[in-house]
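Labels run A, B, C, D, E and F following the written order; every chain starts at residue 1.
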(Lines give C-alpha, C1' and ligand atoms only; values in the text may rest on other atoms or scores of the structure.)
Protein backbone atom coordinates (compact mmCIF):
# COMPACT_ATOMS: atom_id res chain seq x y z
CA UNK A 1 0.00 0.00 0.00
CA UNK A 2 2.83 2.36 0.92
CA UNK A 3 4.52 1.27 -2.31
CA UNK A 4 1.42 2.07 -4.31
CA UNK A 5 0.96 5.41 -2.60
CA UNK A 6 4.50 6.42 -3.55
CA UNK A 7 4.00 5.24 -7.15
CA UNK A 8 0.80 7.30 -7.34
CA UNK A 9 2.50 10.33 -5.77
CA UNK A 10 5.37 10.06 -8.28
CA UNK A 11 2.98 9.76 -11.20
CA UNK A 12 0.91 12.75 -10.04
CA UNK A 13 4.01 14.88 -9.46
CA UNK A 14 5.26 13.93 -12.93
CA UNK A 15 1.90 14.82 -14.49
CA UNK A 16 1.81 18.20 -12.76
CA UNK A 17 5.39 19.00 -13.79
CA UNK A 18 4.77 17.95 -17.41
CA UNK A 19 1.64 20.10 -17.63
CA UNK A 20 3.48 23.11 -16.18
CA UNK A 21 6.68 22.78 -18.21
CA UNK A 22 4.97 21.96 -21.52
CA UNK A 23 2.36 24.69 -21.08
CA UNK A 24 5.29 27.11 -20.68
CA UNK A 25 7.26 25.71 -23.64
CA UNK A 26 4.38 25.30 -26.09
CA UNK A 27 1.72 27.91 -25.31
CA UNK A 28 3.33 31.27 -25.70
CA UNK A 29 0.11 33.24 -26.08
CA UNK A 30 -2.99 31.40 -24.84
CA UNK A 31 -5.65 31.64 -27.59
CA UNK A 32 -9.25 30.41 -27.82
CA UNK A 33 -8.29 26.77 -28.44
CA UNK A 34 -5.36 24.36 -28.40
CA UNK A 35 -4.34 24.30 -32.07
CA UNK A 36 -2.69 21.31 -33.79
CA UNK A 37 0.84 22.76 -33.68
CA UNK A 38 0.47 23.36 -29.93
CA UNK A 39 -0.79 19.79 -29.49
CA UNK A 40 2.17 18.42 -31.47
CA UNK A 41 4.53 20.50 -29.34
CA UNK A 42 2.94 19.23 -26.11
CA UNK A 43 3.19 15.61 -27.29
CA UNK A 44 6.92 15.95 -28.06
CA UNK A 45 7.55 17.99 -24.92
CA UNK A 46 5.90 15.33 -22.81
CA UNK A 47 7.99 12.51 -24.33
CA UNK A 48 11.20 14.52 -23.88
CA UNK A 49 10.28 15.34 -20.26
CA UNK A 50 9.86 11.65 -19.50
CA UNK A 51 13.15 10.87 -21.30
CA UNK A 52 14.81 13.52 -19.14
CA UNK A 53 13.23 12.15 -15.97
CA UNK A 54 14.53 8.69 -16.79
CA UNK A 55 17.99 10.01 -17.65
CA UNK A 56 18.21 12.04 -14.45
CA UNK A 57 17.07 9.01 -12.45
CA UNK A 58 19.71 6.80 -14.12
CA UNK A 59 22.53 9.36 -13.77
CA UNK A 60 21.67 10.06 -10.16
CA UNK A 61 21.45 6.43 -9.10
CA UNK A 62 24.72 5.48 -10.81
CA UNK A 63 26.34 8.42 -9.01
CA UNK A 64 24.94 7.27 -5.66
CA UNK A 65 26.33 3.78 -6.34
CA UNK A 66 29.79 5.14 -7.19
CA UNK A 67 29.83 7.23 -4.01
CA UNK A 68 28.71 4.36 -1.78
CA UNK A 69 31.62 2.22 -3.08
CA UNK A 70 34.33 4.67 -2.03
CA UNK B 1 -21.68 9.78 7.37
CA UNK B 2 -22.74 13.43 7.45
CA UNK B 3 -19.46 14.47 9.02
CA UNK B 4 -17.60 12.40 6.45
CA UNK B 5 -19.50 13.98 3.59
CA UNK B 6 -18.92 17.44 5.03
CA UNK B 7 -15.17 16.79 5.31
CA UNK B 8 -15.09 15.40 1.79
CA UNK B 9 -16.75 18.50 0.38
CA UNK B 10 -14.42 20.77 2.34
CA UNK B 11 -11.39 18.82 1.08
CA UNK B 12 -12.62 19.26 -2.49
CA UNK B 13 -13.07 22.98 -1.91
CA UNK B 14 -9.55 23.18 -0.54
CA UNK B 15 -8.17 21.35 -3.60
CA UNK B 16 -10.17 23.66 -5.87
CA UNK B 17 -8.80 26.75 -4.16
CA UNK B 18 -5.26 25.38 -4.28
CA UNK B 19 -5.63 25.06 -8.04
CA UNK B 20 -7.11 28.56 -8.29
CA UNK B 21 -4.09 29.96 -6.42
CA UNK B 22 -1.68 28.11 -8.72
CA UNK B 23 -3.49 29.13 -11.93
CA UNK B 24 -3.78 32.78 -10.85
CA UNK B 25 -0.04 32.82 -10.10
CA UNK B 26 0.86 31.36 -13.49
CA UNK B 27 -1.64 33.29 -15.64
CA UNK B 28 -0.78 36.56 -13.86
CA UNK B 29 2.84 36.17 -14.96
CA UNK B 30 1.78 35.41 -18.54
CA UNK B 31 -0.98 38.00 -18.94
CA UNK B 32 -0.42 40.97 -16.63
CA UNK B 33 1.92 43.67 -17.85
CA UNK B 34 1.67 46.90 -15.84
CA UNK B 35 -1.28 46.87 -13.39
CA UNK B 36 -3.71 49.67 -14.31
CA UNK B 37 -6.85 51.15 -12.79
CA UNK B 38 -9.06 48.33 -14.06
CA UNK B 39 -8.78 44.85 -15.61
CA UNK B 40 -8.84 45.67 -19.36
CA UNK B 41 -10.57 43.28 -21.76
CA UNK B 42 -7.28 42.16 -23.37
CA UNK B 43 -5.89 40.98 -20.02
CA UNK B 44 -9.28 39.48 -19.13
CA UNK B 45 -9.36 37.38 -22.31
CA UNK B 46 -5.75 36.37 -21.81
CA UNK B 47 -6.47 35.13 -18.28
CA UNK B 48 -9.59 33.12 -19.13
CA UNK B 49 -7.85 31.62 -22.20
CA UNK B 50 -4.85 30.84 -20.03
CA UNK B 51 -7.01 28.89 -17.55
CA UNK B 52 -8.83 26.99 -20.30
CA UNK B 53 -5.66 26.16 -22.26
CA UNK B 54 -3.93 25.01 -19.08
CA UNK B 55 -6.78 22.59 -18.39
CA UNK B 56 -6.67 21.50 -22.07
CA UNK B 57 -2.94 20.84 -21.65
CA UNK B 58 -3.46 18.76 -18.49
CA UNK B 59 -6.27 16.79 -20.10
CA UNK B 60 -4.22 16.23 -23.25
CA UNK B 61 -1.26 14.98 -21.20
CA UNK B 62 -3.40 12.61 -19.10
CA UNK B 63 -5.26 11.22 -22.13
CA UNK B 64 -2.06 10.68 -24.10
CA UNK B 65 -0.39 8.95 -21.16
CA UNK B 66 -3.34 6.60 -20.83
CA UNK B 67 -3.33 5.88 -24.56
CA UNK B 68 0.38 5.19 -25.02
CA UNK B 69 0.69 3.49 -21.62
CA UNK B 70 4.15 4.98 -21.35
CA UNK B 71 2.84 5.73 -17.94
CA UNK B 72 2.85 2.11 -16.93
CA UNK B 73 6.40 1.61 -18.17
CA UNK B 74 7.64 4.81 -16.54
CA UNK B 75 6.12 3.92 -13.18
CA UNK B 76 7.75 0.48 -13.30
CA UNK B 77 10.94 2.35 -12.46
CA UNK B 78 9.84 2.45 -8.83
CA UNK B 79 10.68 -1.20 -8.38
CA UNK C 1 -14.56 25.32 12.05
CA UNK C 2 -13.10 23.40 9.13
CA UNK C 3 -14.87 25.88 6.87
CA UNK C 4 -13.35 28.80 8.73
CA UNK C 5 -9.89 27.24 8.67
CA UNK C 6 -10.07 26.91 4.90
CA UNK C 7 -11.31 30.50 4.51
CA UNK C 8 -8.40 31.70 6.66
CA UNK C 9 -5.92 29.54 4.75
CA UNK C 10 -7.23 30.94 1.45
CA UNK C 11 -7.02 34.52 2.71
CA UNK C 12 -3.48 34.01 4.02
CA UNK C 13 -2.33 32.38 0.79
CA UNK C 14 -3.89 35.25 -1.18
CA UNK C 15 -2.15 37.83 1.03
CA UNK C 16 1.22 36.13 0.63
CA UNK C 17 0.82 35.89 -3.14
CA UNK C 18 -0.29 39.53 -3.44
CA UNK C 19 2.69 40.73 -1.40
CA UNK C 20 5.11 38.68 -3.50
CA UNK C 21 3.66 39.54 -6.90
CA UNK C 22 3.12 43.24 -6.20
CA UNK C 23 6.54 43.64 -4.58
CA UNK C 24 8.00 42.22 -7.82
CA UNK C 25 5.83 44.39 -10.10
CA UNK C 26 6.10 47.65 -8.18
CA UNK C 27 9.45 47.76 -6.37
CA UNK C 28 12.15 47.50 -8.99
CA UNK C 29 14.94 48.89 -6.85
CA UNK C 30 14.22 48.78 -3.09
CA UNK C 31 15.03 52.26 -1.64
CA UNK C 32 14.91 53.69 1.87
CA UNK C 33 11.11 54.07 1.93
CA UNK C 34 7.95 53.11 0.07
CA UNK C 35 7.26 56.25 -2.03
CA UNK C 36 3.80 57.37 -3.13
CA UNK C 37 4.12 56.07 -6.71
CA UNK C 38 5.09 52.65 -5.35
CA UNK C 39 2.12 52.73 -2.98
CA UNK C 40 -0.21 53.63 -5.84
CA UNK C 41 1.23 50.79 -7.91
CA UNK C 42 0.76 48.30 -5.02
CA UNK C 43 -2.86 49.42 -4.53
CA UNK C 44 -3.71 48.88 -8.21
CA UNK C 45 -1.71 45.68 -8.41
CA UNK C 46 -3.57 44.31 -5.40
CA UNK C 47 -6.98 45.08 -6.90
CA UNK C 48 -6.01 43.55 -10.23
CA UNK C 49 -4.66 40.44 -8.48
CA UNK C 50 -7.99 39.97 -6.71
CA UNK C 51 -9.86 40.55 -9.99
CA UNK C 52 -7.65 37.90 -11.60
CA UNK C 53 -8.20 35.48 -8.72
CA UNK C 54 -11.97 35.90 -9.06
CA UNK C 55 -11.83 35.51 -12.85
CA UNK C 56 -9.69 32.37 -12.64
CA UNK C 57 -12.04 30.95 -10.03
CA UNK C 58 -15.09 31.68 -12.25
CA UNK C 59 -13.48 30.33 -15.44
CA UNK C 60 -12.25 27.21 -13.71
CA UNK C 61 -15.55 26.37 -12.03
CA UNK C 62 -17.57 26.89 -15.22
CA UNK C 63 -15.11 24.59 -17.00
CA UNK C 64 -15.51 21.94 -14.28
CA UNK C 65 -19.28 22.18 -14.66
CA UNK C 66 -19.09 21.80 -18.45
CA UNK C 67 -16.87 18.73 -18.10
CA UNK C 68 -19.08 17.07 -15.50
CA UNK C 69 -22.07 17.38 -17.84
CA UNK C 70 -20.48 15.47 -20.70
CA UNK D 1 1.62 24.89 30.48
CA UNK D 2 5.44 25.08 30.37
CA UNK D 3 5.61 22.53 27.59
CA UNK D 4 2.88 24.38 25.73
CA UNK D 5 4.71 27.68 26.06
CA UNK D 6 7.95 26.05 24.96
CA UNK D 7 6.28 24.60 21.87
CA UNK D 8 4.65 27.92 21.08
CA UNK D 9 7.99 29.73 21.20
CA UNK D 10 9.63 27.05 19.04
CA UNK D 11 6.79 27.32 16.52
CA UNK D 12 7.28 31.08 16.35
CA UNK D 13 11.02 30.59 15.83
CA UNK D 14 10.28 28.17 13.03
CA UNK D 15 7.89 30.65 11.39
CA UNK D 16 10.50 33.38 11.77
CA UNK D 17 13.16 31.25 10.13
CA UNK D 18 10.80 30.23 7.35
CA UNK D 19 10.31 33.93 6.58
CA UNK D 20 14.07 34.57 6.76
CA UNK D 21 14.65 31.78 4.22
CA UNK D 22 11.99 33.21 1.89
CA UNK D 23 13.24 36.79 2.18
CA UNK D 24 16.88 35.79 1.67
CA UNK D 25 15.88 33.87 -1.46
CA UNK D 26 13.92 36.81 -2.89
CA UNK D 27 16.35 39.61 -1.93
CA UNK D 28 19.34 37.58 -3.15
CA UNK D 29 17.80 37.42 -6.64
CA UNK D 30 17.09 41.18 -6.57
CA UNK D 31 20.35 42.41 -5.02
CA UNK D 32 23.20 39.98 -5.71
CA UNK D 33 24.96 40.31 -9.02
CA UNK D 34 28.28 38.44 -9.18
CA UNK D 35 29.31 37.07 -5.73
CA UNK D 36 32.63 38.67 -4.71
CA UNK D 37 35.11 38.25 -1.87
CA UNK D 38 32.97 40.21 0.57
CA UNK D 39 29.46 41.68 0.92
CA UNK D 40 29.96 45.21 -0.48
CA UNK D 41 28.01 48.09 1.03
CA UNK D 42 25.83 48.57 -2.08
CA UNK D 43 24.56 44.98 -1.89
CA UNK D 44 24.23 45.28 1.90
CA UNK D 45 21.99 48.35 1.59
CA UNK D 46 19.99 46.71 -1.17
CA UNK D 47 19.32 43.64 0.99
CA UNK D 48 18.27 45.51 4.13
CA UNK D 49 16.07 47.88 2.06
CA UNK D 50 14.61 44.87 0.30
CA UNK D 51 13.61 43.29 3.64
CA UNK D 52 12.12 46.53 4.97
CA UNK D 53 10.23 47.37 1.77
CA UNK D 54 8.88 43.83 1.59
CA UNK D 55 7.49 44.17 5.11
CA UNK D 56 6.11 47.63 4.16
CA UNK D 57 4.40 46.02 1.17
CA UNK D 58 2.84 43.26 3.29
CA UNK D 59 1.67 45.77 5.90
CA UNK D 60 0.26 48.08 3.22
CA UNK D 61 -1.65 45.19 1.63
CA UNK D 62 -3.08 43.99 4.95
CA UNK D 63 -4.11 47.51 6.05
CA UNK D 64 -5.72 48.31 2.73
CA UNK D 65 -7.64 45.04 2.73
CA UNK D 66 -8.97 45.75 6.18
CA UNK D 67 -9.96 49.28 5.21
CA UNK D 68 -11.76 48.53 1.95
CA UNK D 69 -13.24 45.28 3.26
CA UNK D 70 -12.79 43.85 -0.20
CA UNK D 71 -11.42 41.06 1.87
CA UNK D 72 -14.81 40.16 3.24
CA UNK D 73 -16.39 40.18 -0.20
CA UNK D 74 -13.58 38.15 -1.73
CA UNK D 75 -13.73 35.50 0.96
CA UNK D 76 -17.50 35.16 0.54
CA UNK D 77 -16.60 33.25 -2.61
CA UNK D 78 -15.90 30.20 -0.48
CA UNK D 79 -19.58 29.59 0.09
CA UNK E 1 11.63 -4.94 12.43
CA UNK E 2 10.58 -6.08 8.94
CA UNK E 3 7.87 -3.46 8.74
CA UNK E 4 10.31 -0.85 10.01
CA UNK E 5 12.89 -1.81 7.42
CA UNK E 6 10.26 -1.80 4.69
CA UNK E 7 9.12 1.69 5.67
CA UNK E 8 12.71 2.91 5.82
CA UNK E 9 13.40 1.67 2.30
CA UNK E 10 10.18 3.22 1.01
CA UNK E 11 11.07 6.54 2.66
CA UNK E 12 14.47 6.45 0.96
CA UNK E 13 12.81 5.74 -2.38
CA UNK E 14 10.47 8.66 -1.84
CA UNK E 15 13.41 10.97 -1.02
CA UNK E 16 15.24 9.69 -4.09
CA UNK E 17 12.26 10.40 -6.32
CA UNK E 18 11.76 13.82 -4.80
CA UNK E 19 15.34 14.65 -5.75
CA UNK E 20 14.84 13.24 -9.25
CA UNK E 21 11.78 15.48 -9.69
CA UNK E 22 13.74 18.53 -8.51
CA UNK E 23 16.79 17.79 -10.65
CA UNK E 24 14.70 17.08 -13.76
CA UNK E 25 12.90 20.41 -13.25
CA UNK E 26 16.16 22.35 -12.90
CA UNK E 27 18.16 20.60 -15.64
CA UNK E 28 15.22 20.78 -18.06
CA UNK E 29 15.24 24.59 -17.75
CA UNK E 30 19.02 24.70 -18.28
CA UNK E 31 19.34 22.15 -21.08
CA UNK E 32 16.11 21.89 -23.08
CA UNK E 33 15.60 24.42 -25.83
CA UNK E 34 12.79 23.48 -28.25
CA UNK E 35 11.49 19.92 -27.63
CA UNK E 36 12.10 17.84 -30.77
CA UNK E 37 11.19 14.33 -31.93
CA UNK E 38 13.93 12.72 -29.86
CA UNK E 39 16.42 13.54 -27.09
CA UNK E 40 19.48 14.63 -29.10
CA UNK E 41 22.96 13.81 -27.78
CA UNK E 42 23.79 17.44 -26.97
CA UNK E 43 20.77 17.74 -24.65
CA UNK E 44 21.50 14.28 -23.24
CA UNK E 45 25.07 15.26 -22.31
CA UNK E 46 23.88 18.54 -20.88
CA UNK E 47 21.35 16.78 -18.62
CA UNK E 48 23.73 14.15 -17.27
CA UNK E 49 26.45 16.79 -16.71
CA UNK E 50 23.87 18.98 -15.01
CA UNK E 51 22.96 16.19 -12.56
CA UNK E 52 26.61 15.36 -11.82
CA UNK E 53 27.67 18.99 -11.40
CA UNK E 54 24.70 19.67 -9.13
CA UNK E 55 25.76 16.80 -6.88
CA UNK E 56 29.37 18.09 -7.02
CA UNK E 57 28.08 21.50 -5.94
CA UNK E 58 26.10 20.05 -3.01
CA UNK E 59 29.05 17.94 -1.90
CA UNK E 60 31.42 20.89 -2.20
CA UNK E 61 29.10 23.07 -0.11
CA UNK E 62 28.67 20.42 2.61
CA UNK E 63 32.41 19.65 2.80
CA UNK E 64 33.36 23.31 2.95
CA UNK E 65 30.80 24.01 5.67
CA UNK E 66 32.17 21.15 7.74
CA UNK E 67 35.74 22.38 7.24
CA UNK E 68 35.22 26.05 8.08
CA UNK E 69 32.66 25.28 10.81
CA UNK E 70 30.83 28.41 9.76
CA UNK E 71 27.98 26.01 10.01
CA UNK E 72 28.23 25.80 13.77
CA UNK E 73 28.38 29.58 14.13
CA UNK E 74 25.48 30.13 11.73
CA UNK E 75 23.24 27.67 13.56
CA UNK E 76 24.01 29.33 16.88
CA UNK E 77 21.68 32.04 15.67
CA UNK E 78 18.72 29.89 16.64
CA UNK E 79 19.27 30.67 20.29
CA UNK F 1 14.68 17.80 20.87
CA UNK F 2 12.23 20.14 19.16
CA UNK F 3 14.96 22.79 19.32
CA UNK F 4 17.43 20.48 17.67
CA UNK F 5 14.94 19.45 15.01
CA UNK F 6 14.38 23.07 14.07
CA UNK F 7 18.13 23.76 13.99
CA UNK F 8 18.60 20.76 11.70
CA UNK F 9 15.66 21.80 9.50
CA UNK F 10 17.12 25.33 9.21
CA UNK F 11 20.58 24.00 8.34
CA UNK F 12 19.16 21.63 5.73
CA UNK F 13 17.00 24.34 4.17
CA UNK F 14 20.04 26.64 4.07
CA UNK F 15 22.17 23.93 2.44
CA UNK F 16 19.54 23.24 -0.20
CA UNK F 17 19.10 26.95 -0.99
CA UNK F 18 22.88 27.52 -1.20
CA UNK F 19 23.31 24.59 -3.57
CA UNK F 20 20.47 25.80 -5.77
CA UNK F 21 21.42 29.48 -5.84
CA UNK F 22 25.17 28.92 -6.27
CA UNK F 23 24.67 26.27 -8.92
CA UNK F 24 22.61 28.85 -10.85
CA UNK F 25 25.11 31.68 -10.29
CA UNK F 26 28.31 29.73 -10.93
CA UNK F 27 27.57 26.91 -13.37
CA UNK F 28 26.30 28.50 -16.56
CA UNK F 29 26.97 25.54 -18.82
CA UNK F 30 27.41 22.23 -16.93
CA UNK F 31 30.60 20.57 -18.28
CA UNK F 32 32.30 17.24 -17.51
CA UNK F 33 33.78 18.43 -14.20
CA UNK F 34 33.67 21.25 -11.65
CA UNK F 35 36.66 23.39 -12.68
CA UNK F 36 38.66 25.56 -10.27
CA UNK F 37 37.02 28.84 -11.29
CA UNK F 38 33.59 27.30 -10.68
CA UNK F 39 34.76 26.04 -7.28
CA UNK F 40 36.07 29.47 -6.37
CA UNK F 41 32.76 31.00 -7.43
CA UNK F 42 30.77 28.49 -5.34
CA UNK F 43 32.95 29.18 -2.28
CA UNK F 44 32.40 32.96 -2.51
CA UNK F 45 28.72 32.53 -3.39
CA UNK F 46 28.24 30.34 -0.33
CA UNK F 47 29.86 32.86 2.01
CA UNK F 48 27.82 35.71 0.54
CA UNK F 49 24.62 33.68 0.85
CA UNK F 50 25.30 33.10 4.54
CA UNK F 51 26.15 36.80 4.99
CA UNK F 52 22.84 37.65 3.32
CA UNK F 53 20.94 35.19 5.48
CA UNK F 54 22.43 36.71 8.62
CA UNK F 55 21.71 40.26 7.41
CA UNK F 56 18.10 39.41 6.53
CA UNK F 57 17.67 37.76 9.90
CA UNK F 58 19.10 40.82 11.72
CA UNK F 59 17.08 43.36 9.67
CA UNK F 60 13.89 41.40 10.06
CA UNK F 61 14.20 40.90 13.82
CA UNK F 62 15.05 44.57 14.48
CA UNK F 63 11.98 45.49 12.41
CA UNK F 64 9.80 43.14 14.43
CA UNK F 65 11.11 44.71 17.63
CA UNK F 66 10.40 48.24 16.38
CA UNK F 67 6.84 47.27 15.43
CA UNK F 68 6.11 45.56 18.74
CA UNK F 69 7.11 48.76 20.60
CA UNK F 70 4.56 50.94 18.84
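Methods note: a residue touches a chain if its C-beta (ideal position, glycine included) is under 8 Å from a C-beta of that chain, and two chains touch if they have at least 3 such contacts.
What you see is a predicted model, and the numbers here were worked out from it, not measured in a lab.
Looking at subunit A and subunit F, the chains that touch each of them are E. Each chain's centre was taken as the mean of its CA atoms, and the one lying most distant from subunit C is E. With centres defined by CA atoms alone, the chain at the far end from subunit F is B. One inter-chain figure worth recording: subunit C and subunit E are separated by 32 Å, centre to centre, where each centre is the mean of the chain's CA atoms. Put simply, the C-alpha centre of subunit D and that of subunit E have 27 angstrom between them.
The distance from the centre of subunit C to the centre of subunit D, each centre being the mean of the chain's C-alpha atoms, comes to 16 Å. Annotation for subunit C: residues 3, 6, 10, 14, 22, 26, 47, 53, 57 touch two or more other chains. Counting only residues that touch two or more partner chains, subunit E has 13, 17, 27, 31, 52, 78.
Read around the ring of contacts, with subunit C first and subunit D next, the chains fall in the order C, D, F, E, A, B. Listing the residues of subunit A that touch subunit E in their complex gives 2-3, 6, 9-10, 13-14, 17, 21-22, 25-26, 41, 44-45, 47-49, 51-53, 55-57, 59-61, 63. Per the touch definition, subunit E reaches subunit F in the complex via residues 26-27, 30-31, 46, 49-50, 52-54, 56-58, 60-62, 64-65, 70-71, 74-75, 77-78. The touching residues of subunit A, when paired with subunit B in their complex, are 3, 6-7, 10-11, 14-15, 18-20, 22-23, 26-27, 29-34, 39, 42-43, 46-47, 50, 53-54, 57. Interface of subunit E with subunit A (complex): residues 6-7, 10, 13-14, 16-17, 19-21, 23-25, 27-28, 31-32, 34-39, 43-44, 47-48, 51-52, 55.
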